[in-house]
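In the two complexes that follow, chain A is the common piece, with chain B as its partner first and chain C second.
Right after this comes the complex of A and B.
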């Protein structure tokens, strides 16, 4: 999605500059490249393009599980859903529920990504030093990333259990009272953020560690000769040199966290009430509980996609202003 | 190259032919009037998949034993047993049924789901088929849950209701020989247990279905079906919620966890950490696995404590239904007939303590010998019937949120007015 506009722009420029002749010549010369790309294009079209278009179309109708047409055995039910234009979008955007969920989703994303990046960078700096058992530490720290999301969620859900959970058992052993971690909106929010940080830090750590290792050592040596303090070296060498990696992982992390379904759904089911529900889990609830509301949930999905596209393009523009191209 | 191409086209043509055959076969078998019973039902052949929703470790073996008996009686039918967790079966069945692939031939459907599945066109109508046998023998409550729009969509398998399960030893230590009969007694008994027996009095399960005894107890209800009105925000219900909240704030009931509270309450009862819980007959086989109930006699089962109006337990239960898109409809009918026969129901009931849906099964000596069924029968007879409407299953999420809010300290009036709004979104045509 992100690369399409720029690719289109390049084509436009080329096409505008010359006659269509060269294009055909290029096609003739590089036909094997096109032939190799074609299967990928077809697969992407089938797997992403078609469902996307279908989703956008559904979001403009009032389709639910009850009124889409189907024939199952002897039961024939004709389709009776209608085109309703932007009604679904209006309903969503004028509801306070959407704005509540959006606010929490933004808080959730910003705090998670902030902690991911901060902790990931700290750990990466630690592991970048020469020390004993370095590879063992790296292995251990990457472990949370290797565990499937739903397994991690179930383990944490057990740890948070207010009557029989490990965390409360430790609190009790230390003479403190038990906390109903998932029962109160505030602690439940802290709990899901904690789990997501645990799940997401390893990736940041590994990515940033790779970035750190790519920084030439002589920069630091030169800075040290000039009398730069460790903080100055970090600020003026490490951070700027890490920027290409950081820019990418922060954007990826933002998109992943924004759409982080399993952690929230499996740990709190969106509860208590619907306090920890982010936009994606709410869209899921629309789509998969009771009589499924296909159109409503498609509209939620399109809105989420639109939000992320806007976010990505703003972010990209901001980076380009700072002289970064990726 | 050309050879390869022709091979591809041939395969494609073959696939097309095969799929066309499959489709044709399917329609003929389903269109065949099933009232014309096959000459010898035991000669019906096919493989059917059954989605069961019972607890696989404690209840599953009994059902698998029944399947073996069925396969022995119908040697040409194979039954594939799939256990789907009860909280996921509805969702998974809807997904599979709508997609048209992966749905089972027979589904164990909760009573509240049946009319919704029927309305969505996922179920095979069973009127006049061999699946339905001697309807007059069924208890009226469970039987009514299989009807929707004047047709029969399922056969009743087990029925259930809620009761107060208690640890006799702990109650005795607290100075009570009998189970509490009213809400006031419940609170007092629970507080006594807490003070004298070193355990919690009552453990609550935060779940919509488990809110119903409190609501019915005060004479409240959720819907007025005759006048098509949502009546969840009534003075009776406010009173019920206030009393329930008082149980928690007074310490009679331990403050329940909002997640996993069912498992927590069960564990607490099994380990003797709480004296009383509300639960249904389906939980008994699991309760008896607990260390406190190695001696089954230590478990007391009593009607739910009465509110100011009555002792009102809700009715629940499970039906067996046939997926309309099943390729083996006739075999599925025979399976339903077998599983809902008086003897099969008696087997399930006597071994697991689940409540049968046929009155003749209650007369079976094996069932009569089961103490738990004997205790539950009178509770069942006074249980409050629920309206079997397609939306019924969707009312539990708002109820759950109301219960959660209550535990979190929300005011009953405000909670219920929010619940009313949510109900009205589901029951759009009602006032």
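Right after this comes the complex of A and C.
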């Protein structure tokens, strides 16, 4: 992250005459850089910064579909919602619903990311070996990544269909009974986890395969000369050398899974009841079904964001303690 | 990286017993079957006749026909949704690549006040759940008259795709030696000229990856599209397809045929560019 003197500095020094003030100097020296970053900052500022502030504000009010300002035809109905302070947060944090959803979201995230990482690493290590058909295997195993998320969700919903789905057809062919996969809370949860694992393993596998390929082979040769067993080589060379890649992909995977929308929204719609609903899909449902509860949804959103920020900083601190530069 | 890649693979390598070989291949074949099966079953189902999906028999072919495909085009709004999706994803790609590469370059090459802050900002925006932004963004779009407008959707997609892509491009630019920039400057190019005429052409593989990532993000997005594009003729594929399998009525024939039409071209392109994709991702991941 430490950078050498920048290329932009070259430009700034050409100004002659009186020594310009620090601001002028910074402007002259850095304007290329700022000009190149500006569009992104504007996009982020307008479309993330402003909505974020407004979202935080909404979460402190009692805004619903019924009392926000609207324009119906030529009539402008002014907003009539009020500032209610932390009421929404109190309501949410004292409801058992929130804690149920949080528990399930954590289970969902941990099991998905754990399986992504475990299976991804296992497959990456197999693919890393020299063998026949290696590129064919790799191609086939990457395939799920190539399927758009919503298409994957629809495919699996069909496979899990209790009357016409092929999974039940296979169970019947094997002499077992059909299962109402998406009708029962437990099987529905297993089903969405299975789908998300299918969707997410290829990314982990590819990233870890890249990490494996960057480990110098002489390390293994030296270890083999010293008589290290395969397990010892895995523990003491592979895992530590993979740590930078692992740290990044596990954090990214955790954030993505925590916020995974399409898989749950399109496969079970959160059902049966709201048993497979994770925090994000629940917040979405608050905002866009029934009487739209904008303030409640915003408060859920703020809580989700706060959870993720806490998670990321704890994670970062833990890595730093182990001496990782990240 | 490339020098490491060509070396013999680490581990026991060539001295593998026949049993280990069989196990290795058996595991990989099993994994490939799991990975491939849903897609194959999708294609097979789409080729069944009109109500063929109603049979749960484990038959591979049952009077294969293209009925479902012709119905998708003649009886549904699929062509409109397809056009909307293509326009939205295409423009997202063009704009996203441009923004991600300028930002990535600035972050990689210049050390300026605010650089660290911006890198953090890009990382943190990755964490934003749709839930917190979607309501205010909906209000903002409504105020600007951008609801049911494809440009509105594209701008929303930028917020998802650009932060990650800028991060990816930065890692790639980091791997291009600075001496090349300096040579450009000495030849009298401005910093922007150097970027445009010297560095961007060198970054082509990474640009391809970024383009692809932007496209796939927009192509597969559902939440924003569901909320922002409520009007029938403005729906994208992700929204439209939900029509085919509702709570009370579903037609998996239509759904599978359109899913094939959406997934197969995307998968084909993906498998062509995947080598670059792998290189682009790992060059970023191993260095970050």
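Convention: the second predicted complex is superposed on the first by the 296 of 326 C-alpha atoms of A that agree within 3 Å, B and C clash if a C-alpha of one lies under 4 Å from a C-alpha of the other, contacts with A are read in each partner's own complex, and residues count from 1 in each chain.
Keep in mind that, in the parts below, a contact is a pair of C-beta atoms (placed from the backbone, for glycine too) under 8 Å apart; a residue touches a chain by one contact, two chains touch by 3 or more.
The structure displayed is predicted, hence computed values, not measured ones.
A.B. asks: Between chain B and chain C, pick out the one touching the greater number of residues of chain A.
C.D. replies: Comparing touch counts on chain A for chain B and chain C gives C.
A.B. asks: With the two structures laid over each other on chain A, which partner does A:184 touch: chain B (first), chain C (second), both, or neither?
C.D. replies: first
A.B. asks: Going by the contact rule set out at the top, does A:117 touch chain B (first), chain C (second), both, or neither?
C.D. replies: Touch status of A:117: no partner.
A.B. asks: Touching A:272, do we find chain B (first), chain C (second), both, or neither?
C.D. replies: Touch status of A:272: first partner only.
A.B. asks: Of the two partner chains, chain B (first) and chain C (second), which one does A:77 touch, if any: first, second, both, or neither?
C.D. replies: first
A.B. asks: Between chain B (first) and chain C (second), which does A:66 come into contact with in this model arrangement: first, second, both, or neither?
C.D. replies: In the superposition, A:66 contacts chain B only.
A.B. asks: Per the contact definition in the header, classify A:164: touching chain B only (first), chain C only (second), both, or neither.
C.D. replies: Touch partners of A:164: chain B and chain C.
A.B. asks: Check whether A:108 is in contact with chain B, with chain C, with both or with neither, and answer first, second, both or neither.
C.D. replies: A:108 contacts neither chain B nor chain C.
A.B. asks: Answer with first, second, both or neither: which of chain B and chain C does A:288 touch in the superposed model?
C.D. replies: In the superposition, A:288 contacts both chain B and chain C.
A.B. asks: Mind working out whether A:151 is in touch with chain B, chain C, both or neither, as first, second, both or neither?
C.D. replies: second
A.B. asks: After overlaying the two complexes on chain A, where does the chain B footprint on chain A coincide with the chain C footprint?
C.D. replies: Residues 157, 161, 163-164, 288, which sit in both footprints.
A.B. asks: Under the touch definition given earlier, write down the residues of chain C that touch chain A in their complex.
C.D. replies: 1, 4-5, 7-14, 16, 21, 24-25, 27-28, 31-32, 34-36, 38-39, 41-42, 45, 53-58, 99-100, 102-103, 105-107, 109-116, 118, 121, 124-137, 139-140, 155-156, 158-159, 162-163, 166, 178, 181-182, 185, 190-192, 194-195, 216, 219-220, 222-223, 226-227, 237-238, 241-242, 245, 252, 255-256, 259, 262-263, 266-267, 270-271, 274, 277-279, 281-283, 285-286, 288
A.B. asks: Where on chain A does chain B make contact in their complex?
C.D. replies: Answer in residue numbers: 65-66, 70, 72-77, 157, 160-164, 180, 182-185, 267-269, 271-274, 288-292.
A.B. asks: Can you name the residues of chain B that touch chain A in the complex?
C.D. replies: 26, 30-31, 91, 94-95, 97-98, 100, 116, 119-125, 254-255, 257-260, 264, 267-268, 323-326, 329, 390-391, 393-394, 397, 401, 404-405, 407-408, 426
A.B. asks: Which stretch or stretches of chain A touch chain C in the complex?
C.D. replies: Listed in rising order, the residues are 1, 3-8, 10-11, 26, 29-30, 32-37, 39-41, 43-44, 47-48, 50-52, 54-55, 58, 68, 123, 126-131, 133, 137, 139-152, 154-159, 161, 163-166, 168-170, 172-173, 198, 202, 206-207, 209-211, 213-217, 219-221, 230, 233, 244-245, 248-249, 252, 255, 258-259, 261-262, 265-266, 279-280, 283-284, 287-288, 294, 297-298, 300-302, 304-305, 308-309, 312, 326.
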